[in-house]
Structure formats: C-alpha cells, structure tokens
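Below: a set of structures, written as structure tokens.
Two complexes, one shared chain (subunit A), two partners (subunit B, subunit C).
Let's turn to the complex of A and B:
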C-alpha cells in the first residue's frame, strides 16, 4: 500500500510536469497544480504510514537506469523529509497556480515546478548511489532552470551562475564520497554499504565523510559554503524560493545524517564536533546578516543559514553523543534537530510565500520602500506575522517547542562527561542564545517596518491582496506553525522513530509526549496548549477591563478617536520621516561591525562661497557577504587570471595550433621511446 | 486532590493580584527613594496606582496611521506577563500549573511582551516610535542571550529547568546560594534586569528628551487606557523580574505549603525582598549616569560572558 502510494505520488508529479509542458496556457497552471497536490498528498500518506508503522518500504526496478537499476526505499528517517517536502510542495504548487495566473509563469516554469517537487520527494527515498545521484542532479538542474526563468534580470543570472557552480562542485564531492565508500564496502545499494561499513578503512571513512560534509553542507547553506544561498533564494520565483528554503536545504542535513550516522555507522567524534562547529558558525553568521539586511527575501535567506546552523548543531551534538555512547541523550538531540527542521520548513515556507505576495503586490522587496501593508494586505500580513512569531520562538508557536527541545538537549547533554563534547555544547548554547535575540530583532524589523506604519512609496500605497490561490498556499504553511506549536506532542513520537532509525537500533525513549512534552526522568515539562489557553484568557480579560473602564471619565465610551501622531512640535509629518529598515538595523550593524564590514561612502560637497554651508550630502552603505568577498573573490580572480593566460596561448592563429599539435607529437614520441 | 488544586489556583490568583498592585507600588517606592536621596519629599508611594486609575478612565486616542497592532500590543504584553506570573514560584513553590513552570517558558513569555511593545511602537509610523523600537530590540537582542545562558547555568546546577524545582533545590541545598556559578549567574542577571526593566544606566525612565528615550519613545503614541495597560504591564514585569531574582538567589521565606499563614508570610517576605532590591536600584540610579547607547552593548556582552562563565564553572567544579 505504501509502495503504491509512493510510486503513485512520483507518477502524479511527473504527469503534472507533462501537463505543464503540453497543455494550452489557460489550463496548464491549474492542471499542474492539481496534479502536484495529488503527488504531494500521495507521498505524504505513504510517509505517514511508514512513520506510524516504523517499517521500511522498498521498491526495485532494473529497467529504468542501465547497469545499476533503481532502488527506492522509504524508512522513517527519509519519511520525515518526504513529509516536509510534500507539505511545502503542495503549498508552493497551489501558490504557483495563482502566481502564474498573474503573469508570473512561463510554460517552462509551469512544467519544471512539478518536476522539482517530485525530485524533492525522490531524494530522501533513493537507496542506492546511482538512484541518489540521479535524483540529486534532477533536483539541482530543475531548481537551476527555475532560477533562470528570471534570466532577464542581471541579478538572477549572477545568482544562477553562483548556484550552478556551488551545486555542481557539491555534487562532485558527494559522488566522490559515495564512490569511495561504495568501492571499499563492495556494494552500490545503501543497504549493502551499511552492512559492510565496518570493513572500510578508517582513513577512507573520514575522507568520505569530509567530502560528503562539504557537498551536503553547501546544499544546507553551511558557512563558508553558503554563498549561493543569499543570492539564489531571493532571486528565484517566490514558490521556488519557498521550496528551496523549506525543503531543499533540508536535504543537505538529510545527506549528512544519512551518510554519517547511517552509511558510515557513526564514525569518529571529531566528525560530529566539526558538524556542530560549522553549525555554530552558520547560525551566528546567518543571524547577524539577517538582523542587518534590509531586503526582505535576503533577510529570509540569511535566516535560513541561521536556522540550518541550529539544526546542524543539534545533529552534530546527537552524533557526538551517540559516538561517546550516550544513546538516550543522542536521541533527544536528534529529535530536537528534526523538530527544528520540520518547524523551520513550515515557517520559512510561509514567510517566503508571504514575502513573494508582498513583492508581487508592492513591486519591490526592499523593506525601505514598503510600509503600511497590514491595512492593505491584511490576510497575507497576518500569515507573515504567524510565521515571524514562530521563527522568533515565541510561545505558543512552533519555533518555541523546537527551541525548548534544543535547550533541553544541551541541558541534558552536559551530563555526558567529556571535555570536547561539553565545549561543543557550550558553543552551541551560546550560538542558540545569541541568534535567538538577533532573529527577534530581524523579524520585528521585517514585520514592523514592512507591514506597520505608513507606506513609503506609491507602489506600497497601491498594494492589495494577491488572490485566493496565493493566500491559500501561504495559509497552508501557517497552519503547521500553530499546530506544531500548540500540540508538539502529536509529532514528537514520529520524530523519535525517525531519530531511532538515524542513530541505528531502538534507543530508549528520551521524551514522553502527551498533551505536552516531558523529558523522561526529570521534572521538565511544557504544556503549550495550556499555555496558549492561559495567554488567550489573559488577552480576553485585559481587553474586557479596558472595555469596561475606557472613556468613563469623558463619557465617550469605548470607540477610539483618531489624532495626529506626536511630531515633536512639527505640524507636517511625512512617510519619509519614519524609521526605515536600514536605520532600524543601524545600532546592531554597529555592534557587529567586525563581522558585517559594511562598505560606507559619505560624500559632502560645500558651496563655493563658504565651507560652512553644505550643498549636498550623499551617503551610501552596502553590506556584502564578508565570506564571499574575502574567500571567494580571490578565487574567482585567480580563475580569471588563469583564463587570461590560457587565452594568450589560444589567439586563434592556425599556425600556432599546428605548432601545438606538432610539439605534442614530438613530446609523445619522446615519452614513448 | 481538588483541595490542593484549589490551593494552587489560590496561590496564582494572589500572585497575580500582588503583581498588579505591587508592581506599580515598586515604581512609586523607587521614585520615593530617589526623591529622598536627592533631598526632595517626592510623591506618595501609591502615586503610580492613582495615575493608572486616572489613565484607565480617559478616552482612547489612536494615531492616525496606526492599525490594530497599536491597541493589541498592550493586551499581549499584559497577557504574556500575567501568564508568567501565574505559573512562576513567587510566594509559594507550588503555584497553579507549577509542573509546567519551565524557566525557558518564562524567558520566552517575557520576550513575547517585549516584541509586542516594539511592534506597537512601530505601528504609528513615526520617527520616535521606530527609534525606540530599534534601540529596545538592539538591547533586547544582546540581553536575551545573557538571560538564557544564565538560566541554563542555574538549570544545570539544579538538574532541571523547572522553576519551582530550582527554587526547592536551592532551599534543600543552602550552600548553592553561595556557589561560584550562582554568583556569576547572579551578576549576569542583575545586568539583564537593569536592561530589561529599562533603568539607568541602560535607559532613563523619567527622561523628557525624545532623542535619548528608549522605552518611552516606543510608547509615545499611547494614551488613556492603553497607556495604563502598557505601564501596568511594565510594572508587573518589573515585579516579576525582581521576584525571580530574589527567589532564585535568596529563596528563604517562600511558602512550601499552601497554608494561609505560610502564604501570608511568603507574600510579606517577597514584598520585603523586592522592595530591598528596588531600593538598591533606585540608589544606583541616583548615583550613576545613563550610559551612551553604544556603550550599553559592552556591559551586556560582559553579562553574556559572565553567564557563559557560570556554565563553565558549573561544569568544571562539581
């Protein structure tokens, strides 16, 4: 049954792509959306069945790929990733139908989106090297082509170039890692590799893990391999941004966990300390950039780097604890990492889709040009608000439960004695705490500047809701933000099963999940549903008190009078006087000057008559990625230089090429003789 | 069973009532101490309560460009603070829902209140509101990690992050109160309380110059009943912060059983402890000058380092 559902899902996805390619313009959008939704629902059902029963579904076919055949296998670990991809995929598919109807979808885009979603469902089910690499490349190529549908803009072309290079370098590293393991384990399917992993020499295992970490880490946005992410996510069409951030980056984490914990059976302590350390760097770097960014989608992209960093810290801590023999603590950390990952998919997908609606409605995603959108796009703004509250880890939304689980993982993890693990946990705690504050600042800025106050441009003033399909797609992802937050106990047992698969064997249950969450063997309990009820009660009570007392002195009743805001004595107040996102972030930018290294330019010109009178002041401030500028620019310059040298050797002259051929022949003869 | 449930609910109601009246009284007490230290007579201690009553009866006025967030923000602040007060161990170690009274829940409920006020400040679309929200969020973003890590240090020592559990464990192990990790965490938390409560040297609550305001700039557009709610919410928050500071580091006097004399004693002791801390804060305010905004991150990072040191000390000194 699960196998049929899984294959049916993949088939529906492929037919959605076909429908998008061949149907006429009017019907291809809805047809592709319906088929994609069907694909996602079927895959979702299959994955839930696997998670609920704890078994594994395997499908093999020798006909599809030559030599190796195709092996698909859905186990509880993969099922978690299939579920996130399916939910974000269904929402993005629905959103895309509305997006295309308003002139955002070419035939190429409509045909490729279902294929991209299908590849996202396929990667976590692939169970042999050839199948995995085929699915991985399908995902990379479809997302690259979708990114290139915006090829008329220079930024999109640049982003696509960065993405293409990074994703293919990553794929090469992954392939090399798999080939190394496969050759030594003497098998091509993941099951065979797992069975013979113990026989692989330690040096080969470590080399393979480092290669896999680089390849998968770049997909997960791990610093310093994240540079493509803040370029590609903002430039992609909005449903694709949501899929990239909500589903595709997850698969990088999946790859690291599958390779390290699964195929290589745990490995060495330093692997996992490296994962956690890189997670700390990613979380801090992403958090600081998100807090400083004034571009809505770039802010979201950096926040993805931040959140994936937190997930990597959790996965790294789980790996380290498992290697040192603390299976129960490892399971808790892995559950926390998976919960954070699932909840990130929901809120980041929701935020990216809402940001896409804003961009469509106001014509820009620059926060400094937005404002006052809560009154113009009330539903989209509310959905963005739910996502923002969730990402800020405020109770009773999903981010809070994730953060609490991570904190509990760290708190318990300290009881595992070992200086290296404790240091990693301490760094993880510090990163979690610091990014928590920065995320709140970033999203108060995003919501407060973008949606509150007065519109800063005519485009923002004229904005309106973007249609039911786009709103419904966004709302579909706002629901899990609330559900996961209020009743986290509903999904934690399923995640515990996935964590068990990841770490091998069945570890003891570290969590009791009922109405709330409780850590086994301690007094630590949260009951978010109860907390939500208390909060709601307090809200109603306070409102009732205001309602009762307000206006009794003036006998004016409850209705509020409107009056001008305080202007410090000035009569005229314009929208330009409001704080902008750049000015909002300025204090934090100053605090983290050493990391951000903004590029500032202040130009003051004076009147010719006197230096004391200024004629014009021009101020320009730009924040580039310091990693990109410091590490990648020299590399690209080097490659460019090499290209110029090579060009000098190839000047197009026929005589010279004949000379090269002759010289090569002589050298060959000398060598052979 | 039902009798003890009733007793726990009673504890929570008393705590809430104590915070609603006690928070504003703490404001009044601090103003009184300041006035006396400066050689003035000062307003009566109950003045903030009278002000609240006056404000609550006035008409509601909203800024012309504001949305529903402006009136909603004070309600969220009150609800979040009240929820924290209901479940926290203030006068008794057994408040209602005390089992779920996790230290991290309290931290994030306080954060929810700050976020609501900052959004309320941005809602009117003025320069001052944005300025206040930006500064408050900068300080909050740097105070938050210190708070979280300090709470974690206490949780590691007690082996639980359940607040009544931490308080009871301290009562059972009196030596903990003087342990190095407690002292370091206390130092970090004191700095955080100054920042979160918006007192000198971080913020000057009685300033009249918009350009130097932080919290006052955010609530500049509030008037009448909504201003009363924000002020009450901030007062309750101050009461909660000071009570937690007192109970985590000096829990003696807190009621461990739900008998009426013990609860009365707990309430009286809590009042004395918070008044003592408030008095110290008022003296600091009189004798210190407000820091430049860009010096504030320095003391907050010092708080963060202290809290990390508290965790490290707890790990290396069993």
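Let's turn to the complex of A and C:
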C-alpha cells in the first residue's frame, strides 16, 4: 500500500510536469497545481504510514536506469524529509498557480516546478548510489533552470552561475565519496554498503566522509560553502525560493546524516565535532548577516544559513554522543535537530511565500522602500507575522519547541564525559543564544520596517492583497507553525523513530510520550498547549481591560484624537524620514564590523558660495559576503588568469588543433613503444 | 544565611506609615485649593524665539538651589510625555508651525504655560520683522509668568499652582 502510494505520488508529479509542458496557457497552471498537490498528498500518506509503522518500504526496478536499475526505499528517517518536502511542495504548488496567473509563469516554469518537487520527494527515498545521484542531479538541474527563468535580470544570471558551479562541485564530491565507499564495500545499493561498512579502511572512510560533508554541506548552506545560497534563494521565483529554503537545504543535512550515521555507521568523533563546529560558524555568520541585511529575501536566505547551522550543531552533537556511546543523549539531540529542521521548513517556507507576495504587490523587496503593508496586505502580513514569531522562537509557535529541544539536547550532553564533546556542546549553547537574539533583531526589522509605519514609496502605497491561491499556499505553511508549536508532543514519537533509524538500532526513548515535552528521567516538562492557552487568556484579558478603560474614558467625555507622528515639530515631514531597515541595523552592523566588513561611501558637495551649506549628500552602503570576497574572489581571479593563459593555446586555428592531435599521437606511440 | 526576626522589621514597617520627617512648605498666596494636576506635571519647553534670558532663569529654577522638581514639576524631552508646553519668547516666523505642532502632539487635557513678557505679548522684540506674534497664538495661556525675565522664585511658584504641592 505504501509502495503504491509512493510510486503513485512520483507518477503524479511527473504527469504534473507533463501537463505543465503540453497544456494550453490557460489550463496548464491549475492542472499542474492539482497534480502536484496530488503527488504531495500521496507521498505524504506513504511517508506517514512508514513513520507510524516504523517499517521500511522498498521498490526495485531493473528497467529504468541501465546497468544498475532503480532502488527506492522509504525508511522512517527518509519519511521525515519526504513529509516536509511534500508539505512545502503542496504549498508552493498552490502558490505557484496564483503566481503564474498574474504573468509570472512561463511554460518552462510551470513544467519544471512539479519535476523539482518530485525530485525533492525522490532524493530521500533513493537507496542506491545510481538512483541517489540521478535524483540529486535532477533536483539540482530543475532548480537551476527554475532560477534561470529570471534570466533577464543580471543578478539572476550571476546567481545561477554561482549556483551551477557550487552544486556541481558538490555533486562531484558526493559522487566521489559514494564511489570510494561503494568500491570498498563491494556494493551499489545503500543496504549492501551499510552491511559491509565495517570492512572499509578507516582512512578511506574519513576521506569519504569529508568529501560527503563538503558536497552535502554546500547544499545545506554550511559556511564557508554557503556563498551560492544568499544569491540564489532571493533571485529565484518565490515558490522556488520557498522550496529551496524549506525542502532542498534539508536534503543536505539528510545526506550528512545518511552518509555519516547510516552508510559509514557512525565513524569517528572528529567528524561530528567538525560538523558541529561548522554548524556554529554557519549559525553565527548567517545570523549576523540576516540582522544586517535590508533586502527582505536576502535576509530570509541568510536566516536559512543560520537555522541550518543550528540543525548541523544538533546533528553533530548527536553523532558525537552516539560515537562515544551515549545513545539516549544522542537520540535526544537528533530528535531536536529533526524537530528544528521540520519547523524551519514550515516557517521559512511561509516567510518566503509571504515575501514573494510582498514583492509581487509592492514591486520591490527592498525593506527601505516598503512600509505600511499591514493595512494593505492584512492577511499576508499576518501570515508573515506568524512565521516571524515562530522563527524568533516565541511560545505557542514551533520555533520555541525546536529551540527548547536543542537547548535540552546540548545541556544534557554535558553529562557525557569528554572535553571535546563538552566544548562543542558549550559552543552550541552559546551559538543558539547569540543567534536567537540576532534573529529577533532581524525579524523585528523585517516586520517593523516592512509592514508597519507609512509606505515609503508609491509602489508600497499602491500595494494590494494578492490572489487567493497565493494566500492559501502561504497559509498552508502557517498551520504547521502553530500545530507543531502547540502540540509538539504529537510528532516527537515519530521523530524518535526517525532518529532511531538514523543512529542505528532502537535507542531508548529520550522523551516521554504526551502532548507536552518531557525528558525521560527528569522533572523538566513544558506544556506548550497550556502555555498557548495562558498567552491567549492574557491577550484577551489585556484587550478587555483596554476596552474597559476606553469605555470609562468615553463616558467621562474624553475621546480619542488622531495626531501626526511626532517628528520634532519639523514643518516638512515625509514617510522617507521614518526609521529604515539600514538605520535599524546600523548599531549591530557597527558591533559586527569585523565580520561584515561593509563598504561605506559618503560624498558631501558644498555650495560654491559657502563651505557651510551642503548642496548634496550621497551615502552608499553595501555589505558583501566577507567569505565570498576573501576566499572565493581570489579563486575566481586565479581561474580566470589560467583561462586566459590556456586561451593562447586555443586560438581557433584548425592547423594548430591538427598539430596538437598529431603531437599527441606521436607522444602516445613513443610512450607505448 | 541571614535570619530576620519580626521585631527587627517593625521600625521598617512603622516608617512606611509615618509622617515625613521634613516640614511642609507654606503654600504661596493665590494658590488654588485644588490643582489641575495632582502632585505632578510634566512640561515640554519650547523656545519660540527667546533671547535666552528666560531659559537661564528656568535652568536656575530647576537647578539645585530652587529645585522645582521637588514640587512635582518636570521638564521632559518629548511632547508625547508631557502634560503641557512651557513657552518662552516671542513666536518667530520660523517657530510658528513647530510650536503649533508641539502643542498638537501633547495629549489632552493639557496646559499652556507662558513664561516671560515676550510670551505674554510684550517685551522688547514685539513688532520685529521676524516676529509672527506671541504665545497667545496657540490659545490663552493657562498660567502666565510675567517678568523680563521672571526669576526662579516666580517660575517655581507658578508651577506649584499646577502641581498643588
């Protein structure tokens, strides 16, 4: 039954892509959306059945790929990733139907989106090297082409170039890692590799893990391999951005966990300390850049780097604790990492879709040009607010439960002896605390500057609510933010099963079952449902008191009076004088000057008559990625120089090429003779 | 571990209900029986075109010698925090709109305190080319403090009629 659902889902996805390619313009959008939704529902149902039963569903076909055939296998770990991809995919598919209806959907985009979603469902079910690499490349290529649908803009072309290079270098590293372990284990299917992993020499295992970490880490936005992410995620069409940030980056983490814990059976302590260390770096780097960014989607992209960093710290801690033999603590850390990952998919998908609606409505995603959107896009603004509260880890939303679990996992890990592990966990706690604050700063800025106040440009003033399909797609992702936040206890047993599969064997349950979150063998319990009820009660009480006071004041003859915002009594007061995103971020930018290295430029020209009167003041500020500028620029310059040298040998002359061929032949004959 | 006995706490509790150790200042003559703001009044000072003589005297009234704050009067940084405005000087053309905007930004009920002869429509500058009028432009002052400049005692006494202390 689960196998049929899984195959049916993949088939529906492929037919959605076909429908998008061949149907006429009017009907292809809705048809593709309906088929995509069907694909996602079928895959969701299959994955939920697998998670609930704890079994594994395997499908083999010898015909589809030559030599090796296709092996699909859905186990509880993969099921978690299929479920998140299915939910984000259904929301993005629905959103894309509305996005395309207003002139945003070419035939290419409508056909590729269902294929991209299908590949996202396929990667976590692939169970052999050939199948996995095929699905992985399908995912990379479809997302690259979807990014290129905006090829008329220079930024999109640049982003696509970065993305293409990074994703293919990553895929090469992953392939090399798989080939290395596959050759030593003597098998191509994941099951065969797992069975023979113990026989692989340690040096080969370590090399394979480092290669896999580089390849998958780049997909997960791990610093310093993240540089494509803050370029590609903002430039992609919004449903694709949501899929990239909500589902695709997850698969990087999936790859690391599957390779390290699954295929290589845990491995060595330093692997996992490296994962956790890179996670700390990603969390801090992403958090600082998100707090400093004034571009709404770039802010969200850096926040993805930040959140994936937190997930990687959790996965690294789980690996390290499992290697040192603390299975219960490892399971707790892994559950926390998976919970944070699932909750990140929901809120980041919701935020990206809402940001896309803002961009569509106001014509820009520059926070300094927005403002006053809460009145103009009330539903989208509310949904963005839910996502923002969730990412800030405030209670009744999912981020709170996720970060609580991560903190519990890190703090409890101290009881595991070992200075290296304890240091890594301590760094994890510190990173979680600092990025928590930075995230609040970033999202107070995003919501406060973008949605409150007065519109700063005519575009923002003329913005109106987007269509029902876009709103419904965004709302679909706001629901899990609330559900996971209020009753996290309902999904924790399922995640525990996935964590058990990831870490091998059946570890003891680190969390007690129930609606709240309770750690086994400890008195620490939180009841998020109770917390939500108290918060709601408090809000209702406060609202009632305000109404009561307003009524009393009205009876005494006072009435509310609307007055201009206080601007120090200036005669000319415009919306441009409001607090901007850049000015809000300025103090933080100063604090983190050494990380951000902003480019500031102030030009003041004076009147000819007197130096005391300014004629014009121009201020430019630009924050480039310091990693990109410091590490990647020299590399691209080097490659370019090398290319120019190579060009001298390749001058286009047919005679010269014939000469090369002849010389090569002579050399070959001399060598062979 | 520090332990308290109830006997030790008694003087503390008694002091909470005791009368103040200082004597009450005599009420100035002409002070109304019931003040408009009981005990405390926050004022936003607007210099609408003063020669800064009144400012010196206001600074002195709020300084350590006269200390108007002990009677509950305070100068605040924003009209949004204020119960009224304290206007000094004639109203120059450049300050007419800011003065109106400042008064508009003060929540009601609010007071206008005009400090000095210029604010009351007199003084040496009235009729000058840059002068638009006096503080009466924004309504009849609730409290008038005549003098050029009025001394700190006069200012403090006038503010006490508002605070009632």
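Assume the second predicted complex is superposed on the first by the 637 of 673 C-alpha atoms of A that agree within 3 Å, B and C clash if a C-alpha of one lies under 4 Å from a C-alpha of the other, contacts with A are read in each partner's own complex, and residues count from 1 in each chain.
We take it that a contact is a pair of C-beta atoms (placed from the backbone, for glycine too) under 8 Å apart; a residue touches a chain by one contact, two chains touch by 3 or more.
Since the model is a prediction, treat every value here as computed from it, not as a measurement.
J.: Could you say whether A:433 touches subunit B, subunit C, both of them, or neither, answering first, second, both or neither?
T.: In the superposition, A:433 contacts subunit B only.
J.: Tell me which partner A:564 touches in the superposition: subunit B (first), subunit C (second), both or neither.
T.: both
J.: In the overlay, answer first, second, both or neither for which of subunit B and subunit C A:133 touches.
T.: neither
J.: Tell me the contact category for A:522 with respect to subunit B and subunit C: first, second, both or neither.
T.: In the superposition, A:522 contacts subunit B only.
J.: What is the contact status of A:472 with respect to subunit B (first) and subunit C (second): first, second, both, or neither?
T.: neither
J.: Would you sort A:14 into first (subunit B), second (subunit C), both or neither based on which partner it touches?
T.: A:14 sits against neither subunit B nor subunit C.
J.: Which of the two, subunit B or subunit C, is in touch with more residues of subunit A?
T.: B
J.: Could you tell me which stretches of subunit A are touched by subunit B in one complex and by subunit C in the other?
T.: 558, 561, 563-564, 566, 568
J.: Taking the touch rule as given, give the residues of subunit B at its contact with subunit A in the complex, in rising order.
T.: Residue positions touching the partner: 54, 56-69, 71, 74-76, 78-80, 82-83, 86-87, 97, 99-100, 102, 104-105, 108-109, 111-112, 114-115, 118-119, 121-131, 133-135, 137-138, 140-146, 148-149, 152, 155-156, 159-162, 165, 210, 220-221, 224-226, 229, 293-294, 297, 304, 308, 311-312, 315.
J.: In their shared complex, at which residues does subunit A touch subunit C?
T.: 558, 561, 563-564, 566, 568-571
J.: Taking the complex as given, what residues does subunit C use to touch subunit A?
T.: 78-80, 97-99, 101-102, 104-105, 107-108
J.: Within the complex, which stretch of subunit A touches subunit B?
T.: 291, 371-372, 374-375, 389, 392-395, 400, 403-404, 407-408, 410-411, 414, 422, 426, 429-430, 432-434, 436-438, 440-441, 444-445, 447-449, 452-454, 516, 522-527, 530-531, 534-539, 541-543, 545-546, 549-554, 556, 558-568, 573, 575, 577-580, 583-588, 590-591
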